[in-house]
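Each chain gets a letter, A, B, C and D, in the order it is written, and its residues are counted from 1.
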Amino acid sequence: MQESEKELREVAKKLLLEKKVDLIIGYEEGTLPLRTRPIFIREADETKKLVWNFRCENNLCFYLKMAKERVGIVAKGCDIRSIIGLIKERQIKRENIFIIGVPCSGIIDRKKIEDILEGRELLEGIESDSQIILKGEGLEEKVDKDKLVHASCKSCKYRNPVLYDTLIGKEVSQGEGEEYSDVEEFASKSDNERWAYFNDEASRCIRCYACRNVCPACYCPQCFVDQSLPTWFGRTLHPSDTLIFHIIRTLHIAGRCVDCGACSRVCPMNIELRMLNKKAEKDVKELYHYEAGISLEELPPMATFKMDDPQEFIK
Amino acid sequence: MNDLYHPRSVVIKKTVIENEARDIKTFELVFLDQEEREKFEFSCGQFAMLSVAGAGESPIGIASSPLDDEYLHFTVKRYPTGVVTTALHSLEEGSEIGVRGPYGNFYPLKAMEDKNIVIVGGGFAFTTLRSTIRYLLHDKNRSRFKDITVLYGARTPGELIYKSELKQWEERDDVNMYVTVDRGEEDWKGRVGLVPNILSEVAPSSENSIALVCGPPIMLKYTMPPLLDLGFSPERIITSLERRMSCGIGKCGRCNIGSKYICKDGPVFTYKELRELPEAAV
Amino acid sequence: MEGNRIVSKEKSEWKPRIIAFLCNWCSYAGADLAGIGRLQYPPNVRIIRVPCSGRINPYFIIKSLQHGVDGVLVSGCHPGDCHYISGNLVARRRFAILKRILEFAGVEKGRVQFTWISAAEGERFSQVIKEVTQEIKALGPNKRFVKEA
Amino acid sequence: MRKGDRLKEKIIKKEQIGKWLEKLGKDYEIWAPVKKNGLVSFYPIQSAKEIYFDFLNSKKTPKDLFFPQSEVLLSFPKEEVGKEVKTILQKPRIIFAIRPCDAKSLALLDQVFDSEDYQDPYYVERREGILLVGLACTHPQQSCFCTSVGGGPFEKAHLDLVMADLGDGKYFVEALTQLGEGLMQRDDSLQDVQEKDREKLAKTKEEAEEKVKSKLVTKGLEKKLDKIFDSPLWDRVHQRCLGCGICTYLCSTCHCFALLDEKDKARVKRIRNWDSCMFPEFTVEASGHNPRISNRERMRQRVMHKFNYFVERYGETACVGCGRCIQSCPVNIDIREIIEEIRNE
């Protein structure tokens, strides 16, 4: 990790000095234990602030959507898939983006740390190669990184960038395990159980829209939920309103979602948004043999059709 | 107990389409309960929340004079994304809507007595100025004010509102009327020119005068320098601001500019106050 | 509102309220044909004519459920017959995902149904309405997404 | 209240709390911190067993018990108007174990919703019908800065009764209002305070205060802000912002709202929902014009409102230093840093 961080800083510095880019978007250390956060660098000197580690949890594509200059972006496998989506949907121009690809063995899910802490406060977190040491008042616990990896990353098959201008560090081994086991297990429950689950999740939603705002695939100038004429759905906290918001968002990003997991990670109310999105991803794969963010050419599945698309569901 | 947010019922007695684009309408509203009209004491420059059940509420300046005690006038522009304005425009005469208010402060009518009054208005923001003109020109009031100059402009002749009244005022000899349009049309025989330019041409004296200015932000911006040049001090220039509002009573937070709430501490501000407000952009 | 009253009556009397979004160029004419042919079908369906099944936004379907209808039927032209060449084909993908997601979230199978009915299929129309009505009746009143007053 | 009245101080053992609450539960609906789905929030409880005593602070602020995120104000047809505001609280309520910072936030909201010129009936009824039983904060977090904005982990202001965990299985209880005293007297098994309890309390308090490591100078901040409305600082601090509503919706002092109508089968409801100045739609006018065009303007508004406009209007900073915005911001925007930057500007 140390090595690649060094390499990253050098690459970024060079890009700025050679004026290949005007801006580097990457990660720096944050103000809370184990937190990193986005940083915007325009001066070569500042590149020493850049970090790359297990804790770089943000998907930085959000910032590409508004960047007007030539941008160098530090991007993990999933972030790059998001970038491919944005290029394909003509939200950004390939020639304006310099992709600094970083192979990634998975990133942290801070909610798992909260579970371990059980209400105690984390005062310090130290990251080593394979472990995180959690320190607090009367607390010192070593946890394997494997146990803290975000659910999206575990079975990720795109840990190595599929598109990049430069690659930092060495390629890593792909994620293992069955990608859709959670979805399948959940699908085997009864209608009522599934409905109760989603209703319960949606009842916690506070409509902060962080999931939507952070989502690289959500770039509509005005979201359907904010539209006033017509006002499609209510703006109350009624679980019907909030669940509809999440379901429609899932439909909107079906075939475009790359399962970067950002929506789940930003949710302050621990709503498991991945469950819906993963299901849509699975369906798109099954029905239309499409995976988002892999090729720059293939049309997004929901924007096209084939004469012989499956239609067993049509009466 | 829930009086604060409780609209009073009014009936749309009459509607007048004011402009060629047909998206500005004046609504004549009559309270179902005349007592409510008496309680609805307002002054020129104030606004009220008009509500259409199911669509919501919208803050609209009161266009009738406080002395028009039978009815209230509101002139409303319909916007394609305006839920309430669209709903209002679709209503027929006889429909029932709600009114909540009056809210906000008003033009300093008392301080204007024994002074020359210069009124500068642009486009559809002329509504509360119309209320003021009606008030000033009322038989009971006219003698309390000195010279009255009204300068009103719109983009095109078709966009001038209150046309029949403009004509009436032009015919009076106790008010100096100047009506102008940015772009003339074939049958337009009146003035052509931007409000700030016409203002400089007309050059009303600033001595013992107060100016009331209301219009789109861009007009306000360009009207201030000529007024200052004419010798109007910033505290003698009175204007009215607009912002999105929801509660009308200074609580919901959206019309917040600096420590002020437009709905409660405004909408009427002197140019002096305005210059001290961040974000006002005038 | 009338339907609302029906719902609140005894369960034995309960009659489902179903919204059918029908493509103007095929299924709507099919319904017409069923009418002209005096074909009997249950009166529980309220028809909304749309210019093409491609016009049907998932919002319409979900909003219908939120408003308390008991079932939604969408019917368009058979593949290859779309008046606008491919409206129904793009829609087919959209419906496929929508149906799967709704069912995943716990909306009962059969609550939201899709079909193709051409202008010539009056008989089929009445048959489909019979079936859909029966199936939705069997499911009972819709409880999913309903935002109670 | 007579200060220093020792009769108003008692000791309660942790295991006694259940009994005490059971007695209070006869007349009051008790809301307390409960952990569900990994989150601590205030819920009505039946038994003290449900209470999660070891919470740092609740995820959401208890402000929504006074000013709910979504509330029906009126409904039409009009024959129903007026019936709507029935008694909102079925039973008087106690919020048990509210943190001092959150209690302070209610005092700030009072300025807005219960002032001389405006009493919000919905808010006022709840405020009058809900007693505040505070739990002093023995574990302030790194992100806490209550002491920099006029509060403290053991601050007693605005509470009816305050409790402090002495760490030895005992809680120090102090009644601060007559109502609070009433609550205390409900249980005669509460014990008298011994001198060593008092010493313990002082020590715990001192330790807690020491834990509030973030020290910010907020004095004079409003004057500084007066001068930097157009500073390039705002270009920097907003850069990371996603424009979501987490900071506003988890904030214990944010109070902006929107009124909107909703139609269902039978009637029209006029609803008051929280709103956030971080959303573009907050200020966009019917004409489409938006005076706050980007996150830069919106974030500036949020900071200015808390540390300048509110101070000018009500004489206090609209921030209680609870640190929720810092903890939950998805991109780690830290208000402490922003304040520091403003001071250095």
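Throughout what follows, a contact is a pair of C-beta atoms (placed from the backbone, for glycine too) under 8 Å apart; a residue touches a chain by one contact, two chains touch by 3 or more.
All values reported here derive from a predicted model rather than from experimental measurement.
Enquirer: Tally the contacting C-beta pairs at the A-B interface and at the A-D interface, and name the larger one.
Expert: If we tally the contacting C-beta pairs, A-D comes out ahead.
Enquirer: Provide the C-alpha centroid distance between chain A and chain B, rounded to the nearest whole angstrom.
Expert: 50
Enquirer: I'd like to verify one number: the distance from the centre of chain A to the centre of chain D, where each centre is the average of its C-alpha atoms, in whole angstrom.
Expert: 32
Enquirer: How many angstrom lie between the centres of chain A and chain C, each centre taken as the mean Cα position?
Expert: Averaging C-alpha atoms per chain gives centres 37 Å apart.
Enquirer: Centroid of chain C to centroid of chain D, CA atoms only: how many Å?
Expert: Roughly 48 Å, centre to centre.
Enquirer: For chain C, what residues touch not just one other chain but two or more?
Expert: Chain C, residues with two or more chain partners: 147.
Enquirer: Show the residues in chain A shared as contacts by 2 or more other chains, in ascending order.
Expert: Residues 234, 238.
Enquirer: Among the residues of chain D, which ones contact at least 2 other chains?
Expert: 258, 260
Enquirer: Provide the full list of chain pairs in touch.
Expert: A-B, A-C, A-D, B-D, C-D
Enquirer: Name, in rising order, each residue of chain D that touches chain C in their complex.
Expert: Of all residues in chain D, those touching chain C are 264-267.
Enquirer: Write out the stretch or stretches of chain A touching chain D in their complex.
Expert: Going by the criterion above, the answer is residues 30-33, 35-38, 40, 58, 62-63, 111, 114-115, 118-121, 123, 137, 204, 206-210, 213-214, 226, 234-238, 265-266, 268-270.
Enquirer: Can you list the chain A residues touching chain C in their complex?
Expert: 186-187, 191-198, 224, 232-234, 238, 240-241, 243-244, 247-248, 250-251, 254-255, 276, 279-280, 283-284, 287-288, 301-307, 309-311, 313-315
Enquirer: Taking the complex as given, what residues does chain B use to touch chain D?
Expert: Spelled out, the residues of chain B in touch with chain D are 1-2, 4-6, 9, 51, 53-58, 77, 79, 81-82, 84-85, 242-244, 246-247, 249-254, 256, 258-259, 278-279, 281.
Enquirer: Can you list the residues on chain A that touch chain B in the complex?
Expert: 228-229, 231
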